[in-house]
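What follows is a pair of complexes built around chain A, which joins chain B in one and chain C in the other.
Now for the complex of A and B:
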């Protein structure tokens, strides 16, 4: 018999707490700890050597790390903005359609249904300099007779990656913004028309403030997504050529698994998490203020 | 100057025709109220005038322009919506000034106009609040303020008071009437509340199933309803209607009682009719207005009385039809008491039983 009974709420929560501890807390603590050791996958005993913040100092002074960091931010900025604009355009078009809107909405989501690895392979083929679709098309149309090194030239490779990202994820924005458009009450839009607004002015002064919260939600989701971008890049360029498309997580993955320097990789990982946290906090702030604008706060 | 003319205006939703060729001429500065039961097409008509709904046939003219195909912004109208339709993300000040800002007016001019409107509607202390921080009545005033800052040619109101409680509604009704006197603009006002219609209107337009049933000043439509529909819709309590048959200058009811055909009405011998008498014109003798030229009397048993203070509403029956009568200088009345009533025939009505049309000559 138990002498001291656990309070029922704790008892009921216990399974969840144990599972969470095993699945989330343990690996998290372990990886955090290992970032303070010179842990190499090939030398398990290195896990028990404490080297303090050495890995972090090394990461913060590593130009390769900062280059990947910068590149990730560039990718994030360009991809998110493009996706937002295209998604907005798409959502506006779809919301105007009166027939077959359901089918269109479903079709819009197709790109989201493919695994990013497959998308990576698909675009790797499309942008291949010899047999790729793009070069063949350009050449057949007589636009160029050059072989354009889409995935080999650093700038073009970055463009190709962004293109693939945008292709897969514009629909995230489109769907969320469409939901926002559906949620706009009809009255203020009509009031704006009567108040003398052109369609553009109605959009600018009424529609946009109403869908801003939805845009920020999409931004928050997608910024986390892109900040941990790995698969598409890994498949399309493998961070190459010569690290010119290396992003944070391809770099971290390479350091951890290829170079086997797990401790160092974990240190870089924890540093980059700040990037994700920063963007999340930033967009949630924006979201809250946009909602307050509309009097939805609280 | 803005008159509004509707010529054979039709509205169809697909196959369904909901407004059937309305003709209406509204004068400059006139306060016209559309009234009618739910679903009769009041809002639709108003929205066609606003340009929020395209018209399926006929013409709408504002001033001397045909506005059929003009967008709302080109019509110089403003509209107050039933649920106010304020812009939730703008302060009261911005809400009021929005149309002027869109019109490209300069800051000083907007500020002056907003201040003026805010002063008229006592909104000045609320200017920096958001609509979410206002009470229903305050929102309603902001909605009106937003409409008046522009000095439009025509004001359109779609049931602006229906979301307010009874007391506030009465108060705002007075405000609207004062406002009309102050700003002198054509107003078209939609409501399904006949009291609002009677008190506000220069002219009442009674709509039914997408057509105009009758129009006229409040007193005209009250005194001379063209049909049983108008008779029961306008006035409170609604007019009593008793089925009967015309026999030798009398209308005989099913229980054998009869009343003379009212003066100025004529019906064929044997015609089935409905006899109309308002509560104000059937009163117990001794608690009634002084008799007029043509009077009749009958006995009625009171089944229920509703004392209202200065008067009491008495419920009784004439030939199985419930009758409401009015008692002035009331005394307590026991249910079951039989009283003698006087009926002012000059104010009674006769309608054809089939069509409900008035038989007035």
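Now for the complex of A and C:
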């Protein structure tokens, strides 16, 4: 009698495939499907009405969506570069320390341990125009007698958010780059010293190429993080005032949950995922070429 | 002996019958409830055990959150079809968003009970002809709190008269509020006034100002009507005060807590705010202006109409509830005269006519409390609820960024209202309202 048997590799993979399908694929497919419907949370029957690409067309022709998209890219670019430069500096300083380095490394990670919601509240208070720490300090020190509306002025509000982002996440870069610094073989550094390289030349031509893969990994991780920026912004400004700090996910979150327009929110979500995919692909290409340069590719 | 035994058993039987009768109509029934949480709301829930003892039913509170969180939970419940719990907290500003969630109470609540509530509140609790909730003793409308000594100061009086040509007195119109706000401002130490600057809060403030200016927010079919002369006048009130530096520069990011704490810190001369703050403002432990707080009815706009955006909390019964009679009985209990007296003793305003009289009588010996009640009672007479459309919150989310844009100078008032009206019009059409 013929009994159909699954090949053993498939049998062994099956539990993983089933779990992945249930917890990843199913919700993804459902949300993808709902982006083609006028689904509203308060009207469950709207989930079964097919409206084609209407939501996507609406998102793509909506100037508010593109403004939020642009702002997210600006935030991403500025925050990532600042974090990278500061993280690099911090890592280089800490790597020179000989005593108490472990304590320093732990301290460096403190900001990462706070929940983003807490960080949001903390900086919302620090930058409050009336009772906030920054304004009170500036006024007490006699630097200004003006009330600076940190969270209201378009540029200052974006600055405050970037400041909060950089404060929490610079250590991600610092820790990864520090790991890279430890992994640099000593021979090329010593050879450079013997050949009379200045410390800048050593850094530029030996240290930096060696830690580039680490920087790109940190960039890829953080770009995904920042592209999803929500908690800190939601607490500090909620995208306001007058949409001056509206980012993709504050816009999408409000559309989906407050306005209950889940179908449209999902369509915007899927459109913006392309942003995340683009940056990931970009940084992974950079990573591969940096590894190739070091002869680690393959 | 035999006689005694039979007599005793008769007694036992009679006692048992009596205890069954007392055990009440809803013996063995368990009601799941989702109630609003928070210090000022929860004292009432202590009375639930009395109702349980009276009726034999049990109440199981399965969720307790603030109203914004509750709103999200209700929406998820509707989406997931998990709406078989029975009693839910409701609010007049949110109620129209859940057309299918709650049932019409008019079949379960006697007409004479309904008649005991303030008619305006019952009107606002009735959507599409359905009485969707019974109002609890948590009625909200805003009146004007002010620092008394600023008005008593002879120097202020003389200077104000010289500058504006009329006597400095507690304002009766919003125009006077503007003048005085500019006059009292001395940033960063003191601002004339302040306003909620984002979300539904600023749209509610704008809405009542449009009404006070003789305009309408929406037409009868819920198409936008605020892009009008009255609308521009209303918005300019906010814009001009911001430009004059008479409100804190961060006011566009303020919500109720920021406003309440701001007035309590003594840096705000006049503050349009809710009744719930009355005690807080006059308590030396929480407020620097305690003992110096005056309160007046909400001022009038140029149309001679008072602002009076109002709302109230209530309790509703879900359409999917298995024990609707028991649920309605609980709702009636939580909104009955004793319950409302208990809530209003702590400060909040009632929604029953008899309880309004009761609190006024109770406050006679306390001049501050009497002043507070008189101001709110006067304002409540002409108060109005939010437009009864399920898209109210969605409309506010489209309107508020445009109001902010005008206040911060990114757009003129006309441009901002035009953009907001267009967005609301699109949204209403897309939702098939007209």
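Everything below uses one rule, namely that the second predicted complex is superposed on the first by the 295 of 298 C-alpha atoms of A that agree within 3 Å, B and C clash if a C-alpha of one lies under 4 Å from a C-alpha of the other, contacts with A are read in each partner's own complex, and residues count from 1 in each chain.
We adopt the following convention: contacts are C-beta pairs under 8 Å (C-beta built on N, C-alpha and C of every residue); 3 or more make two chains touch, one makes a residue touch a chain.
None of these values were measured; they are calculated from a predicted model.
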Legend entry - Clash or fit (per the criteria above) of chain B with chain C on chain A: fit
Inset, instruction - Applying the touch criterion given at the start, work out whether A:201 contacts chain B, chain C, both or neither, answering first, second, both or neither. - result: first
Legend entry - Of chain B and chain C, the chain that contacts the larger number of chain A residues: C
Inset, instruction - Have a look at where A:243 lands relative to chain B and chain C in the superposition and call it first, second, both or neither. - result: second
Inset, instruction - Please indicate which partner A:140 is in contact with in the superposed arrangement: first for chain B, second for chain C, both, or neither. - result: neither
Inset, instruction - Could you look at A:63 and tell me whether it touches chain B, chain C, both or neither (first, second, both, neither)? - result: neither
Legend entry - Contacts of A:98 with chain B and chain C, given as first, second, both or neither: neither
Inset, instruction - Would you sort A:41 into first (chain B), second (chain C), both or neither based on which partner it touches? - result: second
Inset, instruction - Check whether A:191 is in contact with chain B, with chain C, with both or with neither, and answer first, second, both or neither. - result: first
Legend entry - First (chain B), second (chain C), both or neither touched by A:130: second
Inset, instruction - Enter the shortest inter-chain Cα distance between chain B and chain C once the structures share a common frame, rounded to whole Å. - result: 52
Inset, instruction - Show which residues of chain A both chain B and chain C reach, each in its own complex. - result: none
Inset, instruction - Could you pull out which chain A residues touch chain C in their complex? - result: 41-44, 128-131, 135, 139, 145-149, 151-152, 237-238, 240-244, 246, 254, 257-262
Legend entry - Sites on chain C touched by chain A in the complex: 72, 75-76, 78-79, 81, 97-99, 187-188, 197-199, 248-250, 252-253, 262, 265, 267, 390, 393-394, 397, 400-402, 404-405, 407-408, 410
Legend entry - Partner chain A, residues of chain B touching it in the complex: 50-52, 71-73, 77-79, 81, 83-89, 98-99, 102-103, 130-133, 146, 150
Inset, instruction - Spell out the part of chain A that touches chain B in their complex, as residue ranges. - result: 185, 187-188, 190-198, 201, 205-206, 209-210, 293-295
